[in-house]
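As written, the chain order gives the labels A, B, C, D and E, with residue 1 at the start of each chain.
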Amino acid sequence: MLPHATDAISRDGKSLILAYDHGLEHGPVDFDPNPDTADPERVFELATHDAVTAIAVQKGLAEAYYPDYADDTALVVKVNGTSNLWMGEPDTPVNCTPEYAAGLGADAVGFTLYGGANNEIGMAEEFREVQESSREHDLGVVMWAYPRGQGVRNETDDRTIAYAARIAHELGADIAKVKYPGSPEAMAETVRMSARTRVVMSGGSKTNDESFLRTVEESMNAGAKGLAVGRNVFQRDNPIEILDALELVVFEGASTEEAMAETGAGE
Amino acid sequence: MLPHATDAISRDGKSLILAYDHGLEHGPVDFDPNPDTADPERVFELATHDAVTAIAVQKGLAEAYYPDYADDTALVVKVNGTSNLWMGEPDTPVNCTPEYAAGLGADAVGFTLYGGANNEIGMAEEFREVQESSREHDLGVVMWAYPRGQGVRNETDDRTIAYAARIAHELGADIAKVKYPGSPEAMAETVRMSARTRVVMSGGSKTNDESFLRTVEESMNAGAKGLAVGRNVFQRDNPIEILDALELVVFEGASTEEAMAETGAGE
Amino acid sequence: MLPHATDAISRDGKSLILAYDHGLEHGPVDFDPNPDTADPERVFELATHDAVTAIAVQKGLAEAYYPDYADDTALVVKVNGTSNLWMGEPDTPVNCTPEYAAGLGADAVGFTLYGGANNEIGMAEEFREVQESSREHDLGVVMWAYPRGQGVRNETDDRTIAYAARIAHELGADIAKVKYPGSPEAMAETVRMSARTRVVMSGGSKTNDESFLRTVEESMNAGAKGLAVGRNVFQRDNPIEILDALELVVFEGASTEEAMAETGAGE
Amino acid sequence: MLPHATDAISRDGKSLILAYDHGLEHGPVDFDPNPDTADPERVFELATHDAVTAIAVQKGLAEAYYPDYADDTALVVKVNGTSNLWMGEPDTPVNCTPEYAAGLGADAVGFTLYGGANNEIGMAEEFREVQESSREHDLGVVMWAYPRGQGVRNETDDRTIAYAARIAHELGADIAKVKYPGSPEAMAETVRMSARTRVVMSGGSKTNDESFLRTVEESMNAGAKGLAVGRNVFQRDNPIEILDALELVVFEGASTEEAMAETGAGE
Amino acid sequence: MLPHATDAISRDGKSLILAYDHGLEHGPVDFDPNPDTADPERVFELATHDAVTAIAVQKGLAEAYYPDYADDTALVVKVNGTSNLWMGEPDTPVNCTPEYAAGLGADAVGFTLYGGANNEIGMAEEFREVQESSREHDLGVVMWAYPRGQGVRNETDDRTIAYAARIAHELGADIAKVKYPGSPEAMAETVRMSARTRVVMSGGSKTNDESFLRTVEESMNAGAKGLAVGRNVFQRDNPIEILDALELVVFEGASTEEAMAETGAGE
């Protein structure tokens, strides 16, 4: 963690990262609920919403679309990722160097580390290279801190998630993206373990407005510094509405109820 | 995908790539239907046909023959490929660097990625190196997007092919070469998933003129931007005739029937 | 071993390294006895104690906290380490280069080598790179010399520990951190085997004050040149008291009884 | 294949390479028929015969002996090779870089590729590095094109040998060294598949003069451009005589009978 | 092999290398017969004996002690070596680069190659790097030529040892260190196979004076150019006496009987 390393993808020390790497990680199936979202333009447009501090995409989308949006949103290039055609142990290749990401105009890189996976050793070495190269290119470093694989009995266990956030801190990430660990108390513990590395909540599968906003509110109250969200925004019929609500909860300290009342979300 | 990266191997935004890497990938058996085609000169001569926007060959053929044809056609160097003597899991070595390809006069590189293969991870990392180095040398990047291996139940499943085209886009390919997914609707879906990455249809095994032209016509109507074809041209007794017909279908918007009528193909 | 290579992390040729890599190696569980110790600030504060000649942390903590403490303590960056989520054979990735550690203000690097592990070969090659790069950047080299794995029947066997210290010397470490081998005689033998490489005792799991101080006293009398200690300091209710006592035993030649009497430790 | 890349190891477009890597590949047993041949000087002396266009040896022999013979023969450094102590799958390490070979005065490098071996992938990547580096150092590239291993039912199958010659061409070799495929027709087919890459016949195990010369004659008539021979020269009692005969067959277009009559070979 | 590459570690073309890597390879057990020998100073002192042309040690000992002895003996840095804690297949990591060895004042490097081991391929590639880098730094190259592993039925078979010496020559070693192959005739054959690469006899386990000197005498008469010896010197009660005797046998051509009579060895 370096102070100010992620200023460009934050507002008031908080981040709302619109994550859109589903085309690689999950494939076309994630666009079924709302077929237009297969078109990156639609999602880049959403990233221009005031609530969004950065969009996170793979190299190819950054290359093709970011030049059109560079004035309107910040960029996180996700530098590893696997298709789900692959049936092996949890693992993921580095498909973009930080140097290349910097050339695309990135403000930060995103990196998935599967703690507990059989290739945790290899991924940690790749993270070293990515983290150190990112420092050379003035890029912030966001770790997708996702314990997974043979060493992990339960990916949503609160102690496991807290450990993942600590690993992010120990290895030099500026921001740790973690799953919601099930309760405000558990999120507070995760935040405590991550020390000066900031925690953002991972949006996960689409849920209803109220349930989703509630976990965001609880996370913020527990000390999280924002969220990284994809399907819970772009799979909705009205993604603008939920972004309006998220802005209130994340940046204005509104409660779930206040945010729903003001924006119409949840109706 | 970068705008204009593949202009040199396109005409009006469409490409007809004469692929001739069969000597490596399949061996002498592919020259049996028309023994003269073992001689690269014959196929390089075909590449001077107006319909052809580029020839795609392995390094060795580019080195030996392209100097004689550099004024008459553009060059895609296929930078990986395996012999079929090899009996292992789907995989393929990088046998030419983009830097070397550029020195041979290449306008673009071709790279096979087997999504779903046990070595998908390794191939994706090799693709990163090839893609980023290609950008340094102003080479376009064409991905042979071929799901194959343990993670792939059915290589011709339309959703799998659409996913493959998306992977090409996410990883930064300019053009995705995919198999025809079985119907115009499925090809349209593949084109939609590939976003700004252009899709070209893979010619595949030799079929009769009408059947072949029909899939080309359907692909073009579905939004594909051309094709990459080998055996369906060079294994024919009259390859010029089919190239004449392809020019009409690919670049002039002719129907299969019109193209056959005008060129005599299919008779 | 190079003369003076570890002067910056020593006083009078002896070292007391406050090791704090438990957040990575063991996870949150190590902070349970004293929850405040999850906060690196608490432990960096302890490192400003006169007894402490250096703090040893992973890259992330060095990056986030050392700038606040650079005037008050020396820094060892531990350049490899694994989470205990990982269930594989003993192994550990290099997660920081010496060059990067030097940029963080490090005076030395720490490196774990598991002699007898299935990947001993690979770790020894990584050690070569780290050791040689450390010389280029004027960093001392501390080896966590921990035999472990398939080739090691008993990690605490005195001959095994003596062998580990010798390996540290043969491979070019300046300091070997070893477990207490069970008796003063065995520690003397370990010191003898390590030749000019200095031996420091590893603190290990928390024990009571008297027992802990006794092994330190015995180690010093046997020729050890200090200790590297974590849990036996930071897990205590009164870490200052034990540091006061350690200063007497390590640097002033006091006996356990004298140190306890003077500081109140052991009461 | 580059024009003129192997001019230095050819005469009139044909090559007679005296191969002498048997000390590594087979060991002392190959010197039993004629013990003096263990001494590289004896074989380097043979290489000064007019018929010989180059000697092919491993790095160590080139380093020790070639300075004494640089004015009298050209040099191919064989840059990979394995001892037959090794019992693993067909594979071979690169034991000399082209850069180093160039420093030894080499005119070309030799590289064994086992098509169909489990490590064909790795060997093809090594060939890429060797081939591209050879171009930088103006060295010709000779591939020992030897299908072998799990994917190869029959190493002497004529289609397999033709395929091997084609692989050499596709990957950028200037000369392909192949086993005699059993008949003049099969050799002609191999030559046809290799396109502009020149084919030289591999001498193989020692046979009688007439039989050996006959396969050379047939190969030359089938379009081969020479041979690479070791045991069939140096294991003979009168190696000069067979070299005299080879000169007639390879460079003068003599028949086996004419060559035997003129030189006394076969008596 | 390069002429003069090992002049610095030779006298009159012969070498007596005092090998002292036992602390790494075998561990403390090798110092049991004479505990003082755990102290490298003792052995470096022995290396100042007139009979010794160089000392061979691992990097760590060279770093710590050679500066005190650089005026009195030449240095071979052994650049690979494994602890015997390791239980895997015969293999050994490169733990020092030639560049680093040169910085320590080395005159040559030592490298173990296990012909016939499952990792023979990998070790041969490492040898390439070490050999070529050594040439850049003007270092001689000594190969510990030790067939071992799955492909080797009998490590002391005379044909196997002769083959090992040949491998050393083929791969570019200046000196091959081999085990005594059992008879003067076998050693002569080994010397013959190694061609211009010089053979030195490996001292092996401690034997009695007469027996040891006899194998040295026989080796010298068979054409060996010296020996590399460790335990047969430093494990003796009177190492000076045996060095006096070795000087007579190796450099003065004395017989075993003469050497024993003159020095008192064997009494």
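Quick note on the criterion: contacts are C-beta pairs under 8 Å (C-beta built on N, C-alpha and C of every residue); 3 or more make two chains touch, one makes a residue touch a chain.
What you see is a predicted model; the values in this text were computed from it and never measured.
Contact with subunit B and subunit C alike is made by A. Number of steps on the shortest path from subunit D to subunit E, with steps defined by chain touch: 1. Chain centres here are Cα means. That of subunit A falls 58 Å from that of subunit E.
Chain centres here are Cα averages; for subunit B and subunit D they lie 36 Å apart. With touch defined as above, subunit A holds no residue shared between interfaces to two or more other chains.
In ring order, beginning at subunit A and turning toward subunit B, the chains are A, B, D, E, C. Across the complex, subunit A meets subunit C through its residues 1-2, 115-118, 120-122, 124-125, 127-128, 131-132, 135, 147, 150-152, 159-160, 162-163, 166-173, 189, 192-193, 195-197. If you check the complex, the residues on subunit E that touch subunit C are 21, 23-24, 27-29, 31, 38-40, 58-61, 63-65, 81-83, 85-88, 91-97, 100.
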